[in-house]
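In what comes next, subunit A is part of two complexes: it sits with subunit B in the first one and with subunit C in the second one.
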Partner chain A sequence: MKRYSRELTVAIALSALLVWLAIFAPHFFQPQPLLARLTAQVPVLVLTIGMSVVIISRQIDISVGSQFGVCAVVAGLTSAAGAPLSLALIAATLTGTAMGALNGFLVAWLGLPSIVVSLATMVTWAEVLRLFQQGRFINLPAGVQWFGFSQFVGQASLLFFALGLLGAMAYFLKNRTGGRHFYAVGSDSEAARLAGINPKGVTMLSFVLMGTLTGLAAFCNMVQSPQVDPKCGVGLEMKAIAAAVVGGIAVTGGRGGLWGAFFGLLLLATINPALTYMHIDAYWEKAIQGLVILLAVIADGLRTKRSAA
Partner chain B sequence: MKRSQFIPALLALPFTLLMSCEKSSAPVGADHPKAAKKLTIAFLPKSKGNSYFIACEKGAREAVQELGAELLFDGPTNTDPAKQNEIVENWMTLGVDVIAVACENREGIAGPLKRAQEKGIKIVTFDSDTTPDARSFFVNQATPQGIGEALMDEAARLCAEEGEFAIITATLTAANMNEWRKFIEARLAERYPKMKLIDTKPCDDQKDKAQAETTNLISANPNLKCIMAICSPAVPGAAEAVKQAGKAGIVKVVGLGLPSENKAYLKDGVTQSVILWRVADLGYLTIQAAYAVGTGALEVGSKSIHAGKLGEIQIDGTSIILGKPFVFTKDNVDQFDF
Partner chain C sequence: MISAPLLRLTKITKSFGAVRALKGVSFELNSGEVHALLGENGAGKSTLIKVITGAHKPDGGTLEIAGSQVSDLTPTRARELGIACIYQQPALFAELSVAENIGLRLECGATFGCVNWKKLHANALRLLKQIGAEIDPEALVRSLSMPQQQLVEIACALGSGAKTVIMDEPTASLTRTEQELLFGVVHTLKASGAGIVYISHRLEEIFALADRVTVLRDGESISTQAVRDPEGVVLISETELISLMVGRPVSALYPPKAKVTGEPVLELCAVGCKESGVEEVSLTVHAGEVLGLAGLVGAGRTELARIIFGITPADSGTMALNGAQVRVLSPRHAVELGIGYVPEDRRRHGLIMQMPIDQNMTMAVHPKIFPNSLLNFRAETAIGVHFIEKLGIKASGPAALGGSLSGGNQQKVSLARWLATQPSLLILDEPTQGVDVGAKSEIHRLIRELANEGMGVLLISSDLPEVLGLSDRIAVMRGGRLVDTLDSTQATATSVMAAALRSA
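Now for the complex of A and B:
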């Protein structure tokens, strides 16, 4: 029970918010906007899965927003050139994987701190994208949005896919040896090495996985719209990190799970619409989100202190 | 001299005389040194590959043809302030008469422009200004008042001057947009008592966030009649939300943006009006102003300029204002490609 205390706290906070909305703003649960809101979170969820693995391994990747933008433009240009969707998917994931591998190489093998490495790649990719695309939208051909199916089918399949991925990754991390390696390296890299795990390889893998998932997330974003906005990735790294942290994944590595991150994401993603439905001024949005993150970090700090004592 | 060489030499004689004439007369006729020669106007966009500036160039070419001037068109391939400075330096060496520039870096380009002015080259800016002491005139595409009033008038027209509307802006702190919002709200208070601004949401200059905000606004406010998107990524974002909600035509979309990014939504009847200036006219007016400055017809203190097909254009201080913004609709959007 204690092991899942954070997941529980976040789930309770989310439920409380939803109950409050059900009473005061029942419009919130209208099916169409609800489905649209959930589908819009699919790319963020895919990123959050990758970010959780990176943070569990005691690293951080703040370049994913920029990577996401690059992957989105690659996927968009591939589709705009008339290539089939499968090719756009491959192009986006390969691009993401390559960018993730670069981060992983610099962190794992050159031993550079991940915050500095990913800060550098964040700026680099953002500038490359700005120079290359100049903020121009890419108009996509018909048949890209919702994979060419109806809006409902497209939304449902994206949600299905994302939840499937979440379930599979959550199971893998908790129950498979390969998944436990991320925790082992994140809690104590030296102990993990003595236990026969290759910490460099695991660190590398976490960044490569992050990159691949970023490409996948960018693709999931592209198929929701008839256009690609090259600025679509700006700020996404913070959303993914915030979801993971609020969901109880310790920034000190080695602790937390994907379901917590999932609830963290839902909680944070509900705050903004809740303000609109409650007719509260938009000025409060970022302040409230910041407060929630702060509370989560404080809770983390208290827990660490208690377990150390 | 052989006969075969003599005839071409004889033919060349008048030209040689003419050229030497022009040379020797230059110091004498210092009042109108360029009257005999075509005026050379150098036109420097922020980036030459950008469809916005390509549309500008189209208008500029039309104007030089009418005026009989020479046009040099060059710019960075992608926005690059250092490259802009380099091009200005090159044109100084080349000795052009007027430079018309859309400045990427307001302060950064002022130095080279001032040096060009010292060499007798006249400077006109357009689209984005430099510091006022580094140019004679700024050709301004639109004033905040013009933009604010056009947006509010268009929203009112679409709603038959009655009902609720909401604004999507870039950020709540963006200075230019807050200026527009001020004029939108002033116009609303002054002209449209039956309309009500119910909410203003920031979209962080991102299409996806604009879409999310619009989705929420529509569902949270069942009486909402119009979304006014005042930053360019917000216009297609708001339109996509309206389309997905199945409210096309019920919730109107009006915004400030590029026609090319909104063409499909205009055609589908999701977005009703996109407001922007006529970009080709901006290029046209810039050349008209540059020519008038170059010939000395336009000087600081002039109250208006006669700009060919655009007619009489007002000057406010050293700002030449293109005029009222233009409304793109499904009927005219095909004529524009920026």
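Now for the complex of A and C:
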């Protein structure tokens, strides 16, 4: 039980919020808007999965917002040129993978701090995108939005896919030796190396995975609307980091799990609609989200301190 | 005694939650005396020191400093009263120079005062000279070796005019010459009227330095005795001290040696690595054999181990494992080839502190016990339980975090990791450094058991009696080269040291 105390805390907080909403704002649970809200979170969820792996490996990637924008434009242009959706998907994920590999190479092999590397690539990709696209939206041909299906089928399939991905990745992290390696390297990379693990490879893999998932997330975003906004990635890195941290993934690496991050994302994503249903000014959203993140970090700090004493 | 003792503790008690760390310790330190404090890890030495330095407030008992009772001691107050402590791991600022570090420690009052750089340097230089340390006051602490940093700490203590100096295992990482230097400093401090509380696991140092010795066991002071009478006749034997510490007589300190050794496991032929300064080392480790690797700190023993384990791969010479030529390129490769390595700095790299001990144990055996790279938590727990029992690891269970164990038990966990892989060659780098006597003899027994099971063991140790007692053969390194190989039946402390020191 103690092993899952982080996940439990977030899950309890989320349930409390949901119960509160069920009593005072039962409208919140109307199926159609609820499904729409959940689907809107799919891209962030996919990013959060990658970010969790990166943070567990004691790294950070703040360039995913910019990467997301680049991937979205690549996918958008591919689709706009009349290519099939599958080709747009491949283009987006390959672009993301390449950008992730660049971060990974700089961090793992050149030993540069990931915060600086990803800050640099964040600015670079954002500027490249600005110069190239100059803020123009890309109009997508019919048949891209919701894969050409009805909205309900599109939303349901996206949600189904994201949850499947989450389950698979959570299983990999917890039950596979490869997953354990991320924790070992994130806890103490030198000790991991002396136990026969290749920390450079593991770090590289975490960034490559992050990049691939970013491409995937951008694709999941594109199919939800009739056009691509080149600024659609702005700020997403913070949402993913916040979800992971609130979900109990320690920024010092080596601790936490994907289900916690999932609950963290749901908690943060529920705050905004909850405010609306509670007739509180939506301006409070950011402030309250900040407070939740702060509380999560404080709780983690206290827990670490207590277990160390 | 004319004057009051520098320090007198009477029936000190201290509990942390349900754990009673000190159950009544009495201790006295006179001016001009070296008083050794002995005890197994967990006997309460660290807690006692923290009480003396004001870091912990005792629950009961009285604490007198220079004859007057002090009830609310804080670290600052303790320093003002002339109590200084030199820890095993020096607490210096790595990015500042030696002189700045010393200056900071001595003038902590003047936060907004001006720094007199000239005086700062002169002062540092004088203090370092006084203890005979050849350290440049302008050097950054980061660039100093661990023993040099310890000397800087001692200079600080000297400069602050400390009357009571606590030394917590000061020689754990020192070479023979640095030890001599330290012993000289201890004598200087003693002659100037200071009292020294000296903590060490090396009994021979106690006999060389201490005037009195107090043995702690399970949080109680068991006995205080004079080490020698006024004529210099030693009054107490090593075995007596050990049985006082352990609470039972310790029979044979070292297990019997190997009767037969098998085929060569490791053969090195003129192996060298420019990066780490190892040159043309040729040696053979046989199955069932413990090969001791002796030498001074810096002689290239750890560097050789790192070459064999692929951390810094060799760039010349050849290496054969079980008769087959190999080039080990990374630790991962080494593990696959059947080499195990317990590093020197286990507190940092031997195990992962925030992981449960069962996960630590299975870390290197993933491919072996988890086929298809699928983790089996039940098997993992079983391995944890098995080794906790087999090695007598004191832990609450296989889910206890590595960082929650004491040093000796952590060492057993990192040994268990390699027991689980069953490597053909096991390299142990200072396996009993900082480990108490009881756990030490258990680790010795384990090492011998492993060899008897057919493993080749390469044992690096600065503890000469350990190398002599445990090894079947002893290879001596000096300046990155292998200078001599001795049979343990003929080797003596003198012959090994002579080989390690002989000038080329």
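Please note the rule applied: the second predicted complex is superposed on the first by the 309 of 309 C-alpha atoms of A that agree within 3 Å, B and C clash if a C-alpha of one lies under 4 Å from a C-alpha of the other, contacts with A are read in each partner's own complex, and residues count from 1 in each chain.
Following the convention adopted for this analysis, contacts are C-beta pairs under 8 Å (C-beta built on N, C-alpha and C of every residue); 3 or more make two chains touch, one makes a residue touch a chain.
Here the structure is a predicted model, which is why all the values come from computation and not from measurement.
In the model built by aligning both structures on subunit A, subunit B fits alongside subunit C without clashing.
Of the two partner chains, neither subunit B nor subunit C is touched by A:A168.
Using CA centres, the angle subtended at subunit A by subunit B and subunit C is 130 degrees, rounded to a multiple of 10.
Touch criterion met: A:I197 reaches subunit C, while subunit B stays clear of it.
Put simply, more of the residues of subunit A are touched by B, taking subunit B and subunit C as the two choices.
After overlaying the two complexes on the shared chain, residue contacts for A:V234 are found with subunit B alone; subunit C is out of touch. Applying the stated contact rule after C-alpha superposition, one finds that A:G178 touches subunit C and leaves subunit B untouched.
In the superposition on chain A, A:V19 makes contact with neither subunit B nor subunit C.
When the two structures are aligned on the shared chain, A:R255 is found in touch with subunit C, with no touch to subunit B. By the touch criterion defined above, A:D188 lies against subunit C but remains apart from subunit B after alignment on the C-alpha atoms of chain A.
Fitting both structures onto chain A leaves subunit B and subunit C with a minimum C-alpha separation of 39 Å. No residue of subunit A contacts both subunit B in one complex and subunit C in the other. Subunit A makes touch with subunit B in their complex at residues 25, 27-28, 30, 32-33, 36-37, 40, 131-132, 134, 136-137, 139, 151, 221, 225-227, 229, 231-232, 234-235, 272-273, 276-277, 279, 282-283. Here subunit A touches subunit C in the complex through residues 3, 174-180, 183-184, 187-188, 190-198, 254-255, 307-308, going by the rule given at the top. In the complex of the two chains, the subunit C residues touching subunit A come out as 309, 311, 330-332, 334-336, 341, 343, 348-355, 359, 363-364, 366-367, 370, 373-375, 399, 401, 403, 417. Residues of subunit B touching subunit A in their complex: 47, 49-51, 78-80, 172, 198-202, 204-208, 211-213, 215-220, 222, 233, 236-237, 240-241, 244-246, 260-261, 264.
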